[in-house]
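Given below, in the form of structure tokens, are the structures.
Two complexes follow with chain A in common, the first pairing it with chain B and the second with chain C.
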Partner chain A sequence: MLILYVLMLFMIIAAVIAVETRNLLSAVICVGSIGFVGSLMFLFLCAPDIAITQIVVEVLGLIILIRATISRDLTFISGDKEFFGVVVSIVLIAVIFLAGMKVLDTLPAFGTAIFTQVPDAASQVYLSEGLQRTGAANIVTSVILDFRAYDTLGEATVLFTSILGASAILRKKSRRRLG
Partner chain B sequence: MIDGMKGMTVIVKTISSWVKLLIFLFGIYIVLFGHLTPGGGFAGGIILASSYVLLMFAYGREFVEANLPLGLASKLDSVGAFLFALVAILGFAFGGAFFANFLYQNYLPGESLRLISAGTIPLSNIAIGLKVGASLFLIILTLSICCHYEAGSEEPNDDEE
Partner chain C sequence: MLYALCFLLFMIGLYCAITKKNMVKIVIGIMVMEYAVNLFLIMLGYRTNGIAPIIGKGDLNPETGQVLSSFINGSVDPLPQALVLTSIVISLGSLALMISLCIRIYGKYRTFDITKIRRLRG
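Up next is the complex of A and B:
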């Protein structure tokens, strides 16, 4: 459990550096290291599925971000910060922190699953009957492609729409000249 | 095949052309065994796309675009989406509910822990793997085209901006 706190501290430090640094490239690398440490945390929590996805998405997202930032001229941020913006962000952080403290008190303790407290929870049914009802040994796959397949269809639709929009906006030549 | 002008050095090109095959094979394994081991369509598709991204960094954009053209990639993307919707509609036709696992419930009951098991789940994994891989490849290729036009001036950009 101690390793999780160490990793979380590392993530917080990396996030602060990513916000505060003036070099965009090092900010991008800091964001990538946050994702990498997040995947390590998933590994320590015994979730290799999510860890694989997290590390691939973060590494590939890092490549995309570097690709997008490295050709811009504006790799250094100049200018002073406004006083009003700083005050507003500090107040917002304080409010969210206090509300989060209140909410965290109502959650079950870290490491105790919610389905051990609710007898007929859906997640318990997925775990105990997933193999018999779908035949898939990987419970995660049986959940996302059988029990919750609507959700996956929505995700696929989001991906399809985003690539449609990206290739429509960023295409090489306009298909029809206007005027 | 290896022209020295575009991309990185010969060492990087040779190594990446071997490693690319291994990454591609690993992606296919992750997609096909998604119902047995950790992984699945999303992770495997991203690994498939990243093998082409490695090739793009080593050889340059033109080589990759000749290897897997934009039109073919978008067709693969659409085929993946179509297959996934087809699995869902076949479940409605044969199993009585949208996304019903009709293959497992009607034809292959009790078979588990094998490669051909779990009914429609491997089919959905393959469809999602195709779709995610082609989508990410297309996104990265489109972004690199955008950067190419802004950075260099090989071809005149005749769009109005």
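Up next is the complex of A and C:
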């Protein structure tokens, strides 16, 4: 239990450094440390599949981010702030903060899973009948590849579309016009 | 209390995404918000002294092959884990898209400052 607090505080400190540092490369490295500590945290929260995926995704994302920031000039932001923009930012942050505090009051205490308080939650069915129905010992795998396979299909579609868009944006030459 | 810390992480990401004027900083803020939301969803399904939702040999009834109730009453929630798995992979795709936009804009304007790229250039 204590380890979760330590990791969470580490993530918050790394996030503050990543937000406030001037150097973009060190900000990117701090984001990477948030991701790896998050992966450790998933491991302590009994989610090994997510921990593995998080490490893989983190390495790829770090490579992409470093590709964007390395050998670029440092951009120094001039400090002229507009009044309207500042007011809108403060109002937006305050509204989301108040809404979040309302939600925090209604949550159950940490450690009591929310699906145990619903009598016929879908997770209970997955846990009790997942092995018989799908033959997968790992319940998470049986959920993503059998019970909710359409979600995974949609995920593959979104991933393919975003990679297609990224490669279209980064294309060096414009397509030669036909005719 | 852990929920509150997770919410604090989300607010740091939101602050970064709203108020910073550097494009890469905005992308970093969005990523921090993604970490916070994923972590929050996993925390909602956590049970104290829970076990990972993977069935071992000891969790089966030897005669009938049914899953023992000790596993059902002790395992953490598998459904948020499956959906967060989807969300993490999609966040990688959106990160690639955002960063490619940043690289393209830098190539055209030679700056990451969003206040200097307002004017249109052909």
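We take it that the second predicted complex is superposed on the first by the 151 of 179 C-alpha atoms of A that agree within 3 Å, B and C clash if a C-alpha of one lies under 4 Å from a C-alpha of the other, contacts with A are read in each partner's own complex, and residues count from 1 in each chain.
In this text, contacts are C-beta pairs under 8 Å (C-beta built on N, C-alpha and C of every residue); 3 or more make two chains touch, one makes a residue touch a chain.
In this text, all values refer to a predicted model and were calculated from it rather than measured experimentally.
Look at chain A after the overlay: chain B and chain C fit there side by side.
Look at A:Leu131: by the touch rule set out above, it reaches both chain B and chain C. By the touch criterion stated above, A:Ala149 is placed in contact with chain B alone, chain C being left untouched.
In the overlay built on the shared chain, the residue A:Leu170 is in contact with chain B and with chain C.
When both complexes are overlaid on chain A, the residue A:Ile93 reaches chain C alone and has no touch with chain B. Residue by residue along chain A, chain B and chain C are tallied for touches, and C comes out ahead.
Of the two partner chains, chain C is the only one touched by A:Ala113; chain B is not.
Shared-chain residue A:Leu62: touches no atom of chain B or chain C.
When both complexes are overlaid on chain A, the residue A:Ile17 reaches neither chain B nor chain C.
No C-alpha atom of chain B lies closer than 7 Å to any C-alpha atom of chain C in the overlay.
Comparing the two complexes, residues 48-49, 53, 57, 60, 64, 67-68, 131, 137-138, 140, 144, 152, 159, 162-163, 166-167, 170 of chain A contact chain B in one case and chain C in the other.
Residues of chain A touching chain B in their complex: 48-49, 52-53, 56-57, 59-60, 63-64, 67-68, 71, 131, 134-138, 140-142, 144-146, 149-150, 152-153, 156, 159-160, 162-163, 166-167, 170-174, 178.
Residues of chain A touching chain C in their complex: 1, 4-5, 8-9, 11-12, 15-16, 18-19, 24, 27-28, 31, 34-35, 38, 41-42, 45-50, 53-54, 57, 60-61, 64-65, 67-69, 72-73, 75, 77-78, 80, 89, 92-93, 96-97, 100, 104, 107, 110-116, 122-124, 126-128, 130-132, 137-140, 143-144, 148, 151-152, 155, 158-159, 161-163, 165-167, 169-170. Listed in rising order, the residues of chain C touching chain A in the complex are 1-16, 18-22, 24-25, 27-29, 31-32, 35, 38-39, 42-48, 50-56, 60, 65-67, 71-72, 75-79, 81-86, 88-97, 99-104, 106, 110-113, 115. Listing the residues of chain B that touch chain A in their complex gives 30, 34-43, 46-47, 49-50, 53, 74, 77, 81, 84-85, 88, 98-99, 101, 104, 108-113, 117-121, 124-125, 128, 131-132, 135-136, 138-140, 142-147, 150-151, 158-160.
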